[in-house]
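In what follows, subunit A forms one complex with subunit B and a second complex with subunit C.
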Partner chain A sequence: MSKPDPDRLLAEIGELVARFAPPGARLGRETELQSDLSIDSVAAMDLVMEIEERYGIDVPVNELADLVTLGDLVDLVARRLGERS
Partner chain B sequence: MVQPTPTVNTGLPLRTRGFRTLVEGLEYAALGETGANFYGPRGELERVLPYRELRTRALDFARRLAGLGLPRCERVAVLAETTPEFLALFFACQYAGLVPVPLPLALSIGTHRAHVERLRGMLESSAARVAIGSEAYLAQLEEAAVGTEVGWVGTYDGLAARPPVAGGLAPLGPDEPCYIQYSSGSTSFPRGVLVTQAAITANARAIAEDGLALQPGDRCTSWLPLYHDMGLVGCCLTPVLNQVSVDYIATASFACRPLVWLKVLSASGGTISFAPTFGYELCARRVASRDLSGLDLARWRVAGIGGEMIRPRALAEFAEAFAPAGFDARAFVPSYGLAEATLAVTFAPLGRGVRTDLVELGEAFERRRLALPAGPRAQRTRAFAICGRPMPGYEIEIRDEHGRRLPERRIGRVCIRGPSLMTGYFRSPQATRDVLLEDGWLDTGDMGYLVDGELVVTGRSKDLIIINGRNIWPQDLEWAVERLPGVRPGDVAAFAVTGEDERERIVVVVQCRISDPARQAEFRREVQAVINRQAGTECELVLAPPRSLTYTTSGKLSRAAARANYLSGVIRDVAGNAPSGAQRAAKEAAVAFARVG
Partner chain C sequence: MDIFDKHQALAQRRGQLLGTGADPFDLEIEALHGPCEATIRGRRTILVGTNNYLGLTFDPDCIEAGCEALRRFGTGTTGSRIANGTYAAHRALEAEIAAFMGRARAIVFTTGYQANLATISALAGAKDIVFVDSDWHASIFDGCRLSGATVVRFRHNDPEDLDRRLERNPNPDGCRLIVVEGLYSMLGDVARLREIVAVKKRHGAFLLVDEAHSMGVFGDKGRGVAEAQGVETEVDFIVGTFSKSLGAIGGFAVSDHPRFDLLRVAARPYMFTASPGPATIATVRAALAKIAAHPELRARIWDNARRLHAGLTALGFALAAPPGPILSIRLPDERTTVFAWNRLLELGVYVNLALPPGTPGGVCLLRGSVSAAHTTEQIDRVLDRFARLAEELGRFAASVAAA
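Up next, the complex of A and B:
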C-alpha cells in the first residue's frame, strides 16, 4: 500500500468520528476528542473497532490515553499504516 | 502454528487442596501440561504459557528481582496487562519473597493525566520500591513514580538484563502476604487490600471445590482485567492452584469486540467463565448484527455473574439471544464476593440459573426494611437475584445499625466471616478499623437480606437514600433512567443531599449527549417522569456533559464522588444554569463531606 494521503485520511477518520460526536460539530485536526466531542470510553472502544476494521490495523490500547486531538488520532493511524506496508 | 495448552493433564491428577502458598500450587501445576493462552483482538491465539514454563520464567525473573537487594516483603508494582510477562512477574515476586501490587491500565481516550494520578496514588499508598511495565507503558509509569519511594522503574526486558543472584531463593511462606489488591476506594484515597497466602489458598480451594465443583475437563475463559479481584483471583490464581487451563482475552479486546469472548470460549471448549452483568449485556447488544453460526456455547456450564449488582433482566436477554448457539440459561451462577474477602463468599447452586426474589417496594420495604414477597396485587416490585449460601467455612450475618443480628427477610448490613478475610488495608489502620469488626467479622458495606439462608444484595449502605424515613436505593433510580433510549449503563448517578432544613432530597445526574435544546427539554421531562414512577418523588435533575461521573478502580460508579462534585459545582448542567444545589454548596458540602468521609 502506498503512503496514505494525510488530508484524505483526516477526512475519512473525521467521518468515522462524526458518528460519535454531537450533530453539527466542526471537525479539524485541533478538535479535542474528549472535551470538544465528548467521546467517552464506550464510544472510544467502538471507534477503535471501526478504525481497525476499516484500515486493517491494530490500534495499540496503550496509546489511547495519550490521544487528545483528532490530529493525534489521524497521525496514529498513518503511522500504523506506514508500519504495515 | 501455536497450539493451545490441553484442557486435561495426561499424567497429573487434578488437585484442589493441600497448597499452603501460591508457589506450592504452581510447583504442582508445573508438573502437567495445562497453562495460560493469550488471544489477540480478533480472537486469534497469539501466545501460550504452560504452567511449566510460567514457573521457569518466574524463577528467572525472581533471581533478577532478588538482585535488586530489597528487604523481604517490599512491594513491587506491576502494570497488570493480560500478558505472559505479567503472570511471570507476579509469580516471580512470590519466589523472591516480594509482594506484587497489580496496577490498572487506562482504557480510554485522553485520560493520561487522570490515570497517572491514579497510579501515583497507588504507588504511594503501597510504598512500592519497584515499578514494572511493558515498554509501551514505561513513560507513563516513570511519570507516575516521580516523587514516590519507587527506586527502580523498568521494563521486563530491563529486568531480564539485570544480573541474577546465584544463591537460592526464599519464596513467600504460608504465614506471609501474597499481594496487594486495589479495587475499592477512590483515586484520592486508594485502599489496598493485603491478601495473605492463607487467604488466597483458602479462597481458591473453596471456589474450586464448593463454588464450581471443579472436575477434569473444565477450562476457563476470561477477559476480566488482572488488576481486578474477579480477574486475578477468580480467573488466574484459582486456575493455577487447580491446574486449569485458561484462555485470556485482553479487556480492551473485549471492549472493542465483545463477541470475541464467546468466540474464544466456543472454539477452545471453555466450561467456566465469569463476568459482571454488563459483560453479558454488551454481547446481547452486539448479537443482532452478527451471525451466530459456528458459535457453540453448549459446553459452558458455569456462566458466573459477580462484581456489581446483578440485573436479572439483562441476563435473560443474553440467554434468549444466545440460546440458538446452545447457551443454557441454567448455566448462570450468581455469586457474591469482594476484594476484602480475597474474592468469593457465596455461589448460587450450580445448574439453577438466575433465581430471583420478587419483592414489594412499598411501605414495608422502604420504611421498615422488610423484604416481603410481592403479592399478586403489588404495584411496585423489584426482582432481586438470589446469590446463594456462603461457601463452607464462611458465614453471613445481616446486622442492623447497632450490630444486632437480623432474622430472614430483614434488610441490613451484610457482614461476613471466613478463612479468606483480609487482615486489613495496607498501612491504613483507620480504614481497616472501619470495616473489620472486633469479633472477627467484616462489614462489607453492602445492604442485603437472607432468604432460606441465601444472600440477596440490595445495594451499598453508604449510598442508601433516605427520604422522609423511606429507604430508596439509588440503583433503582439509575437503572430506570438507563432504560431510556440514548442512555448507557453508568451514565446515571442518584444520591441524596441534605438541605439546610436537614431534609434529604434526591439529586439525579445524567450524562447527556443531546445538544439540541428542544430535544434536551423533552429528555428532561422523560427522566423526571421515570424518577417519579420509580421513587414516587421529585428529584433535582442535572443533565451533565459526558465524563462528568467518576468510577472506582474496579469500574463501579462512585456516587460519593458524584455528590461531592455536584456540591462543589464541578458537575454542572449542560443548559448552563448552575444547579440550585451549587448555590447552597458551602453549607451542604460540609454536611455531605462528613457523611461521605
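Up next, the complex of A and C:
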C-alpha cells in the first residue's frame, strides 16, 4: 500500500470524528478531542474502533492516552498504515 | 489549583443528577426484608437490581455456617495468605470451587474485581497482546492496564472482528490472550462462545471467560455460559465472583493449566491484600453446596426472567436482550431515564440506573436483575408499577416536547 496522503487522511478522519463531535464543530489538526469536542476517553475508544475498521488496522488502547489533538490521531493512523505496508 | 479540580466535569454531572431526585449512586437501604424487599426512603420497595440471582443472601443454612465460622475463627484474617497463612477453610473452598467448576485448580480472591485484576495482570505480560471485548468490565480494563501488555479491543461479541485482529497481530515473541464475559452485565446479552472458541483454536491463543453474572444461572450444573454452550474444555481460564449467585463477596479463578498455581506468587492483587474472612468463606461454601443440590433454583430464576421479560415487552418497553437474569430497558435519553428511575423508586421498585460512560455505545438504561427468590406476586407487582410508569413516560415525553 502506498503512503497515505496526509491531507486526505485528515479529511477522512475528520469526517469520522465529526460524528462524535457537537454539530457544526470546526475541525483542524490543532483541534483538541477532549476539551474542544467533548470526546471523552470512552467515546474516543469507540471512535478509534470506527477508524480501525475503516483502515483495517489495530490501535492498541495503550496508545490512546497520548492522543490530544486531531493531528495526533491522524499521525497515529498514518504510522499504523505505514507499519502495515 | 485544588487537587479535585480534575474531577470538575464529574462534579457537575453528579450535581445535575442530585437535582432530579435521589442519588442513584449512593442510595441508602434503610432496612432489608429478605433478599427481594427493602425499605428505601421510608418506603417498602421491591428490589429488582441486586444481582442476587439465586436469592441466597438470607438462606438459613448459609447464615448459620457464617455465624458458626465467626464464633470459631473470628471476624477477619487480618492479612494476606502469603504473610499470615492460609486457613484450612480457604483450601477447602478452593477444592470445592474446582470440583464445582470441573477444573483441576482454583484460587480464591478477596473480591470479584480483584479476581479479574489479579488473573489478567499476572497471565499477561509486557510482550503479550490481550484481545478484549469492547464491552469490558472495569476490572478487566484495569487488569489489562496493570499487566503492561498491549491491549487490542474487538467489536462487542463479534468473533469475525476478533479473527481479523488476531490475523493482523501474530505476536511471535509473546502470547495472545482473549478475554470475554459469559453474560454481559449491562445489556444482559450472552457471549458467542462457540464461535470465539473456534477463532481461538485457529490462532493458538489462550481464552479467559469471566462468568461473574452467568455462574449459577447458565448450564445444567450452573457452571456458566461455557458449560451451556458445551465449550468448557476449550476455555483455558474462568474467572467468577461470590457476590452474585453465591450471595457473599469475593472471587475465584479456575483452570486446568498445570502451572496455574504460579498466580499465587505473581498476582499482586492476590498477594498484597487480606484474604477473605472466615464468615465469607463459610457462607460461600454453604451456598455452593446449595446450588449444586438445588437445580430448581435455576429453573425458578428462568421462570421469573421470562415472566418479567414478557410483561415488560407487552407494556411496550424495549428490552436490550432476550430473557435472562439481566433485563435492561433502553430509554431514549438521560433525562427520561433519570425521571423513570426516580418514579419507579417512588412507586416502590428499585432497579439500577445505567448511564454513559458506564454503558456500551452511549445507551441509557434501566437495568433490572431478577432473582430465584422473587415470588410470582412480586414480579406481577413490579409489572403493575412499570405499567404506571409507561403511562407517565408518555406524558413526560409530551411535556418535554411542549417545553
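Keep in mind that, in the parts below, the second predicted complex is superposed on the first by the 85 of 85 C-alpha atoms of A that agree within 3 Å, B and C clash if a C-alpha of one lies under 4 Å from a C-alpha of the other, contacts with A are read in each partner's own complex, and residues count from 1 in each chain.
Here, contacts are C-beta pairs under 8 Å (C-beta built on N, C-alpha and C of every residue); 3 or more make two chains touch, one makes a residue touch a chain.
None of the values given here were measured: they were computed from a predicted structure.
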Subunit B and subunit C placed together on subunit A: clash or fit? clash
| message | Is A:M45 touching anything from subunit B or subunit C once the two structures are fitted on A? First, second, both or neither. | response | both
- For A:L33, decide between first (touching subunit B), second (touching subunit C), both and neither. first
*Is A:V17 touching the first partner subunit B, the second partner subunit C, both, or neither of them?*
neither
Contacts for A:N62 in the overlay, against subunit B (first) and subunit C (second): which applies, first, second, both or neither? both
Original post:
Thinking of the overlay built on chain A, is A:V74 touched by subunit B (first), by subunit C (second), by both, or by neither?
Top reply: neither
The chain contacting more residues of subunit A, comparing subunit B with subunit C, is B
Superposed model, subunit B vs subunit C, clash-positive stretch out of 117-125, 297-305 or 585-593 is 297-305
Shared subunit A footprint, subunit B vs subunit C, residue numbers 40-42, 45-46, 49, 58, 60-62
Listed in rising order, the residues of subunit C that touch subunit A in the complex are 129, 134, 144, 150-153, 155, 161, 164-165, 168-169, 356-357, 361-362
Touching subunit B in the complex, subunit A uses residues 22-24, 32-35, 38-42, 44-46, 48-49, 52, 58, 60-68
Within the complex, subunit A is touched by subunit B residues 41, 105-112, 115, 134, 136-137, 140, 250, 252, 255-257, 488, 511, 513, 515-516, 545-547
Interface with subunit C, subunit A side, in the complex: residues 40-43, 45-46, 49, 53, 56-58, 60-62, 84
